Every structure is written in structure tokens, then in C-alpha cells.
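Each of the next two complexes has chain A plus one more chain, namely chain B in the first and chain C in the second.
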Partner chain A sequence: MLALQILVDGFAISALYALGATGFTLIFGVSGVLNLSHGSLMVLAAVAAWAATNELHVGAYLAALFGIGVTLIGAFATYFVVVRPLQTSRAIPKEETEIFVLTGTLLWGTMITELIAYFFTDNAKTVLPIVEGVVNVFGVRTPQNEIFTAIVCWVVIGLLWLIVNKTRSGKAVLAASMNPRGVTLLGFELSRIYVAIWAIYGVLAGIAGVLLGMFLGVSSYSAGPLTGSAFSIVVLGGLGSVSGSLVAAYVVGYLETVTAYMISPAYRFIPALLLLVVVMYIRPQGLFGRR
Partner chain B sequence: MITHHQRSIRHMLLGGAAALASLLAAGQAQAADPIKIAVIAEAQAIAGASIPQAAQLAAEEINAKGGVDGRQIQIITYDNKSSATDSVRAFQRAVSDDKVNAVIASYISEVVLALEPWAARLKTVMITPGAASNQITKAIHDDYEKNKYTFHGYLTSAELAMSVCDGAKEILVNDRKMKTAVIFSEDAAWTTPLDAGYKECLPQIGLKILDHIRMSPDTTDFTPIYNKIEGEKPDVMITGISHIGVQPTVQWKSQQVPIPMLGISSQATNSTFWKDTNGAADGVLFQSVSGPGIAMTSKSVPFADAFNKKYGNFPSYAGYTAYDEVYYIADAIKRAGSTDSDKLVEALEKTDWEGTIGRIQFYGKQDQFTHGLKYGKGLITGMISQWQDGKQVAVWPAEIANGKIRFPSFIKAQNQ
Partner chain C sequence: MRNLFRSRVFWIALIGSIVALLLPLKVSGYILGLLTVAYYFGVFSMAWDLLFGFAGEVNFGPTFLIGLGAYAAGILNGYGVPVYPCIAAGAVMAVIGGVVLALPALRVRGPYFGLTTLVAVLIMMNLIVVFAGFTGGEIGLTVPDVLSVNADTNYYIALIFMIVSGVILYALSRSPVGLILQASGQDPVEAGALGFNVTKHKLTAFIISAFFSGLAGALLVFYMGTASVGTLVSIAVGVQVIIAAVLGGRRTIIGAALGSIFLIGAGEALRPFGELSTLIVSAIALLVILFVPSGLLGILTRGEEHA
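This part shows the complex of A and B:
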């Protein structure tokens, strides 16, 4: 019974982690940017959706779309206001660009969370769920919302796979993540690919944030742990490897759930971090990493 | 038609007049210096945000009626960002630079415990509107001469446990024949004495404690905890939560945990709790000291309404206490005829003030909870409310109740 419980509960949270980490790893793969404002953008999505319901009085679907839209804008702002100016700045030596971008996105994330706390307080918010009620899965009383979360995550990941593997521009993105120079030689504008990738990222982070807001609820305090978990998943799976991130999301998600059930919910994040340290020692490129 | 030029001349004249007026006002103020009260609070948290707002409202009301012996009350607020370090810095600044006469500080026990030695060192009266830890009054009891400047303007954790047990005895044990409970609290300074209080009083009222769960305030997924509790089949979960609130409530509803919750759930006292949980709060029973539309005393409803009119929402529990605090500090200064800290302490100890949460008197030097609020009938009893259809409905004690308990359909408890 406990095993089934863990199996069912771990699945949804892992799917959510997978979705959140996918965009994060895509950006790294294509442009070498580690976006440390990731958690803040997810929180932004959930709080925007919450505000849409409670301040603008719209329904659950519109609120979710609003949350995703705001995050898309947030992702573009991250790219155009923070990342791109730092990357193209002549004042910053080339070899230090990455560390500047890292710090820049970290500060940007802090600004977003502080603004959210200022305008909407730091108390947790929850997004109006699209589906409510519970169903019985293998004898486990499961919120329909949890199942909905898992399904949406996998549908979105599936769509992403189709876009990346079957469309021309998607293939260009994939190629850029493997060899940016090769892609430019083939006549693709790299800067356009960057914009496309940040758009994809914004939508993915938005969906993940809104779903998290429906499933568990978020507050401005959640931003740090969310960035942290995306980071561990992505490093564990191998930076830049989407399939690695998906596998790693499930490893981390289940590890956390098992810990929460078998030991204590207070320790749920610890084993995954220990695993991360071990992986760094014996396989620094991650489970499926290329570099 | 007024030209742009004319308008700017008019602005200049107006500006000059305003400057002159303020100069004159400053001259008057010297004749009667304002009484300065510092408010150090968590402006970004819902519970904390009400503290400076309520204090400001009280000050404006007192000032409108002529102040204290002609002296106006001035509220100086400091946002502590829920941090003890920021609070200590604010306290030092308030006393050394802004020369305040008294301090109203924080709803977080850890913060108040960090400020208490500073109130002693800087010999400045400090009253907390919302922290609960027993340690605050214990320090005053153990070293009165040093710590006498601190007052506890909210119920101690031990009293909160008593209030919950008094309510639970009538509405759960007597009315619903409940027999078993699980204590469900967050791991924080204020819940250690609260849980000790629960463990003592719950068996006395006839609720057997099946388990005691203390969870990290960082918990985001409560599913494993609820599963464990459900397996133990208690009749009720007795809560002790403040830093968390929205997330456990939303997950309780979405997972349809069939066990009712009653206890301290500080966030549930906020009027925005229904919105924050998207209505998942329906059926949650929580202890509080006052609430919108509830006439704890004749002052409760007018205050809550005035607050709502001014700020657009109802005060958190710490709003009620902060409002009362400004009034009884003013009252004590009037009686003492001075803002001298030692005289103010003496006057505050003799406080007998009807506030918005009940009759306010402090325990004395020899009592266990020195400078804590006296608990009991005719003083402060607290109350139990329940969220129903977006409203907080008072269900205990019977004298002030304005509705009956009603649980959502997934709860397996009698409604009547």
C-alpha cells in the first residue's frame, strides 16, 4: 500500500520537475546560460495566475493562460534586459561573461521575488485548480488535479519533442545545442534561435509554475528551492541533455517522495543533494552528459 | 483660463504657504513634543502588515481627539523583513536616532526573543502584538529588574493551548463526542510550549492524543503527513501553524483528508485567507482573539470596520492587538504623566483597559507569565471561528457565536 502511494505521488511531482527542468536545460544547451532566475519565474507564473483569479476575477483556464503569458514576458525580459546586454557587453572580458550572466540572473530572480513579496506579500498563494475532486488509483485516493498535472506535463514534453525533432526551426534549435557554429555556417541566425529558445523556455516555466501553484501552492520563499531542484536535476542528468533531465527528474522526484514517506518530510531534499555530490565525484558530466 | 505660467506662480505661492505652515507647526510641536512609538513589523507578511496599519489608525484616532495631554502620537514604522537581525538594527535606530518612547514589535517569537535583551539594554518599553512563545514572559519572570521593559501583548503559547482546549471541549467533545486527536504543528519556537500545553490539556478534556507531528516550516508537500495521520484514524487534527497555512489547507481540501482541523492557524485569521486558498479554507476551525463582525467587546467591530474602510481589508490578529497597544501605551503615559521608561513600566503594569480583544491586564512580578496578558472569563478568552463560504463565522464561545459549525462534505464528522 505504501509502495503504491509512493508510486502514485512520486509520479506527478516528478513530471512537474521534468517539465521545469526541460526549459532550463534547453537554454543551457543552446546558449550556455544557467538561468538562476528560474525559480522566480515559476513563482511569477503561479502568483500571476492567482492574481488573475482574485483581482481580475477570471476563470481557471484564463488565469492559467495569464500566468503563462506573464512568465513568457518575464522570460523575454530576462533575456533582453539581463542576459543579452551582459553577453554582448565589451566591458566584460569574454572569459568572464558566464559568471556575469550567472550573477545577473541570480540578482534578477531576487528582484522578481522581492517585488512579488512587496505587492502580494510573502504568504503562499494557490492557483485555482482546473479540475477538482479525487479518484481512486490502485486503491490510493488521488486528487484529480495531480493526475491532470502529470498528463499536462507529459503532453507538453511530447509536443516539445515533436517540435524539436520534426519541424525545421526545431531542428535548428537542436542543432544549435550541439554545435552553435555549425548552425551559423548553415545560414541560421543564431540570435533568432536564442529568442525562440527563450520563448519555449518561458512557456515551459509558465506551465510548470501554474501547475505547481495548483498542485502544492507557492510563495516567494519557493523560488530558491525551485531553482535549486532544477539545477540538481539538470546537473544530475547531464547539463544540456534533455533526455538526461527527464530521467533525472524522476530519480530526484522519487528519491524525495520515498524519503518523505519512509523517513520524514523534513528531510525530503537531502538525499537528492547527496546523490548530486556523489555524481559530481564519479561522473561529473552527469548521467547522460556530453561535456 | 489659467496659463502655465500663472499656474506655476500659484504653485510657488502655495508651496511657500505650506512651508510657512509647517514652520509654524514645528514651533507648536516644540511646545508639546509628540509621543513617538516605533513599530517594527513584517510588512511583507499578511499577519505583520496589519501591525503598522492598525497602530497608525489608533494614533490618528487619539490625535483627532487632542492626543495625550495635548501631545500628538507619532508612529514610526520599520520593515524588519521577518529577520531578527534587521529588527535589532531597527530597534537600535528607533531608540538612538529617532528617540522613540516605546516600541511595538513583530509577530514572530524568534524576533521578539532577539529584541528582548535590547529592550533591557536600552531601557525602552517593548510590547509584542503577536509573538506567542512562553520564553518571552519567562525571561521577565526570571530576571525582572533587567527584562521588565518587555510586555507580552498577545496570548502566550500556554494560554493559546488553553483557549483551544476550552473551545474543543465544548464543540468537539461535548457536542460531537470526539475522542481522539493528532497534534499537527510546525517546528518553531512558539509551538514548543504550545504542544506541551496541548499534551497536558487535551487528555484532560477527553481527547486522547494518538500522535504528535512536528513538521518543518519549509514543508511544501503535505501528502505523506496527511496519509500518516489518516492511517491513525483520529477524530480531529489539533493544529499549531503560523508560518505555514495556505499550503496545508489547500492540500487538505484537494486530497479530501476526511479529518477536521481545529487549533491555531494564524494565517486563517487573515481576511485574505479565503482568496489565498481559493476557498479551500472552507470548514477550517481556528482560534483567534477577535474577528470581523464579532463583538468581543464594544470596540472590536468599530475598529475592524474603520480598518477595512481605511486599508481595504480586515486586520490580522496582530492588527487588533497592535491597535489596543497604542491605546494602552497612551493611557499609561497619561497616568504616569511621563514618558520615562521606568515610570511607564509601572503604569503599564496597572493597565486595566477594555480593548478590541477583551479586558487587558498584565500578570505581575510573582506570576508565572510576568507581563503576559491575563487569560480567563471577563478578561480574554479567545474564540473559535470557522471559514464558511468566504466568511469567518464565530462558533465559540456561545455568547458571541454568530453561526453553527458546518463541515465540507469530505469531512466525516457530524454537522450538528
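This part shows the complex of A and C:
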């Protein structure tokens, strides 16, 4: 019984983690950028959807779309205002670009969360769920919203797979994540691929954020832990490897759920972190990393 | 020596120190208290800058070392150990922790080193909450003793500690060891080919950085009388240390201290803006990073050869 409960609960959480981490790892794979405003953008998505229902009084679907749209704009702003100027700046030596992008996106993320807290307070907010009610899955009472979350996550990940593997521009993105220099040599404009990748990222982070808001609720305090969990999943799976982060999301999701159920919710995050340290020492490139 | 008197950094540091030494005659106890904290953060940032600016290693977990020193000292003090042995124990503990962290972490390159240090902080935060019986958990640890009850004394302890640390770290960064560190940070393969033991030098840098971080952390605990995750260990604190160093001008050591004082001062000056003050400080820091990546000290020493 408990095992089934863990299986069902862990599945939805892991699917959400997987979706959140996919965009994050894609950006790293293509442009080497670790976007530390990731958690803030997810919170932005949820709060925008929440505000749409509570201030503009729109329906649940429209609110979700609004949340995703706002996050897309936020992602573009992150790229054009912070990441790109830092990457192209002449005053910053090449080998230090990384730390500047990290610091810059971190500050940017702080600004986003502070603005949200200023306008909408830092109380926890729950987004109006699209589906409600409870069903029985293998004898476990499961909110339909949880099933909905898992399904949407996997459909979106499936769509992403199709885009990346079957369309021409998607293939260019995939190729760029494998070898950016090779792609430019083949005549693709790398800067266009970057814009495409940030668009994909914005949509993914938006969907993940809105779903998270429906499922668990968010506040501006969630931003840090969200970035942290995306970070650890991506490292565990191997920086830049999308399939790696999917597997890692499930490892982390289930590890957390098992710990929370079997030992205590207070210990929830510890086993995953310890696993992360062990992986770092034994296999620093992650489970499926290439470099 | 003549170079030293010609460099603007030296004069900035000298004038700054003299002004700081005379401040207690003029300003209120409240401002002295703020500056006292700022000086300890200055040491955190300078220690971080030695590792980043010179060894080229991004330590995302300065608070791991700070927290080790602070909590080791605080917990020992709870068992009746006098203040100064506790502070020494804090520094030793941070060095031990630093070695344990650095030995395996230095095997990996680039972002992985930073990630390992970040994870160390996350684990430490969780452990502090789990072992709340020892550490006070989320509420924080209250230590029985303090350095001094006199605001002026506390101020001078912090100031002199910062100046001494600054002189040692700055001298180290300009010494042959500092040059080797800089070389291994920029091109480890070539530095290794020239016969320098890159790992050994980086480990040394890490140990020195850990020593000063732990010492400052322990002192700060006995100044504040408490230690908590929110004030000493959380990622946000680590970020403040890093931002201060980048803002002040990385690879300058002294800039890191200036950055810390600026950050705490700016946070205070913007207090009337209430909740927006963090936003404004972040925005200013972002603008500096975008437009003046060499930092505050970079502006002041513009045109000099070794900025």
C-alpha cells in the first residue's frame, strides 16, 4: 500500500522535476549557460497565472496560458538583457564569462522575486487547477490534478522530442548542443539557435511553473530551492544531456518521496544531495554526461 | 617598495583605514555596529577573491567554510570552552573542512568544482536543521559569551582583523605564490609544464581561504551572540559574499572589502525604500557587472597598469 502510494506520488513530482530541468539543461548544452534565475522564472509563471485568475478573473486555461506567456517574455528578457550582453562584452575575459553569467542571472532572479514579493506579497499562492477531484489509482486516492500534471509533463517532453528530432530547426538545436562549432561551420546562425533555445526554455519553464503552482503552490521563497533542484538534477544526469536529466529527475523525485514517506519529511532533500556528492566524486560528468 | 607607494590601491587602502580608525569619534553606535558586520563580510569576500581571482576556482560555497568556523566555535562555547580557544577551533575546523572538500573537488575542473562547493552548502544547511539539538536548527544557536559588550571595542576588533587579513592576503596575492596561482588559474596545463605543482598550490589557496573564512565566521558569532542558517550559511549569504567581491573588483583583494562595505552601506541607505531595497541593490550590482565588469576598484584605478 505504502509502496503504491510512493510510486504514484513520486511519479507526478518526478515528471514535474523532469520538465523543469529539461529547459535548464538544454540551455547549458547549447550555450554553456547555467541560468540561476530559473527558479524565479518558474515562480513568475505561477504567480502570473494566479494573478490572472484573482485579479483579471479569467478562466483556468487562459490563466495558464497567461502564465506561460509572461514567462516566455521573462526568458527573452533574461537572454537579451543579462546573458547576451555579458557573453559579448569585451571587458570580460573569455574564461570568466561563466562566473559573470552566473552572478548576473542570480541577481536578475533576485530582482524578479523581489518584484513579485513587492506587488503580490510573498505569501504562498495556489493556482486554480484545470482539473479537480480525486480518483483511485491502484487503490491509492490520487488528486486528478496530480495525474493531469504527470500527463502534461510527458506530453510536453514528447513534443519537445519530436521538435528536436524531426524538424529542421529542431535538429539544428540538437546539433548545436552536441557541437556548437560544428553547427556554425555548417552555415547555421548560432545566435538564431540561441533565441530558439531560449524560447523553448521559456515555454518549458512556464508550463512547469504553472503546473507547480496548481500542484503544490509557490511563493517567492520557492525560487532558490527550485533552482537548486533543477541544478542537482541536471548535474546528476550530466550537464547538457536531456535524457540524463529525465532519468535523474526520476531518481531524485523518488529518492525524495521515499525518504519523506519512510523516514521523515525533514530529511527529504538529504539523500539526493548525498547521492549528488558521490556522483561528483566518482563520475563528475554525471550519469549520462559527455564532457 | 617604490611601486607600492605609487599604486593607487595602496593609498586608497591607507586612507580608507585611517578614516575607519577615526570613525568611532564621529558616528553613532548603530552605524559602528553595521560597519563591524561589514568588516567581517569584507574578510569573507577577500578570502573568496583569493580563490577565485587568483586560483581561478569559483567557490559557490564560501558559507560552507564560514558556517563550519561559526558553528564549531559556537557549539564548543556552549560546552563551556572560553571564547579564544573556540575561535581558534573554528578556524581549524574550517581548514579541516576545506581540505576534505577541496581534495576531491580540485580533481574536477570548471563548473564542477563550483557545483561541488554549492552542494556542500546545501548539505550543511540540511544537517543543521536535522541536528537541531546541537545546532539550534532553524531558530539558530545562541552562544553564552561575546567578544565584548563595548561597541567601540567590537568595532576595533573587526577593523583590525580586516586590515591584518587584508594585508596578509594582498601580500600573498602579490608574492611569487600568488603569481603561480594566477598562472595555474589561467592555464593549468602550461603552469604544470613549467614545473609548478598546480594542485598543491590551489590546495594551499583553498586552505588559506578556509582559514580566514572560518576565523571571521567564528569572530562574527561572538560579535552577534548567535549563529543561524539565515545569517551565516544560506545561499543568499554566499551570494552576497560573491557579489561583494565581483562588485568591488575581482583579483584585487582590497576591492572585495570595499564591495562588502558598499553593499551593507547601500542596503542601509536604501532602507527608506523598504521592501524595494534588495531589488535596488541587486539592480545596481547587475548594472556594475554589465557595464563596469572590473568593479569599483577598477574605476578608481583606471589607467594604472596593474588594476
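Note that the second predicted complex is superposed on the first by the 291 of 291 C-alpha atoms of A that agree within 3 Å, B and C clash if a C-alpha of one lies under 4 Å from a C-alpha of the other, contacts with A are read in each partner's own complex, and residues count from 1 in each chain.
The definition used in the following text is that a contact is a pair of C-beta atoms (placed from the backbone, for glycine too) under 8 Å apart; a residue touches a chain by one contact, two chains touch by 3 or more.
For clarity, every value in this text was computed on a predicted model and none was experimentally measured.
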* To do: Return first, second, both or neither, reflecting whether A:Lys171 touches chain B, chain C, both chains, or no partner chain.
  => neither
* With the two structures laid over each other on chain A, which partner does A:Leu86 touch: chain B (first), chain C (second), both, or neither? -> second
* Pick one for A:Thr53: touches chain B only (first), chain C only (second), both, or neither. => first
* Asked: So, A:Gly228: does it touch chain B (first), chain C (second), both, or neither?
  -> second
* Regarding the shared-chain residue A:Tyr261, is it in contact with chain B (first), chain C (second), both, or neither? -> first
* Asked: Should A:Gly104 be classified as contacting the first partner (chain B), the second (chain C), both, or neither?
  -> second
* Once the two structures are fitted together, what part of chain A is touched by chain B and by chain C alike? -> 117-118, 266
* Structure fact -> Touching chain A in the complex, chain B uses residues 44-46, 49, 82, 187, 215-216, 218-225, 227, 244-247, 250-251, 254-256, 267, 270, 272, 275-278, 280
* **Complex contacts: residues of chain C adjacent to chain A** => 52, 56, 58, 104-105, 107-108, 110-112, 114-116, 118-120, 122-123, 126-127, 129-130, 186, 235-236, 239, 242-243, 246, 250, 275-276, 278-279, 282-283, 285-286, 289-290, 292-294
* Please give the residue numbers of chain A that touch chain B in the complex, ascending. => 5, 9, 13, 50, 53-54, 117-118, 121-129, 132-134, 141, 143, 145-146, 215-217, 219, 221-222, 225, 257, 260-261, 265-266, 268
* For the chain A and chain C complex, residues of the former touching the latter -> 34, 82, 85-86, 89, 91-92, 95-96, 98-100, 102-104, 106-108, 110-111, 114-115, 117-118, 224, 228, 231-232, 235, 239, 266-267, 269-270, 273-274, 276-277, 280-281, 284
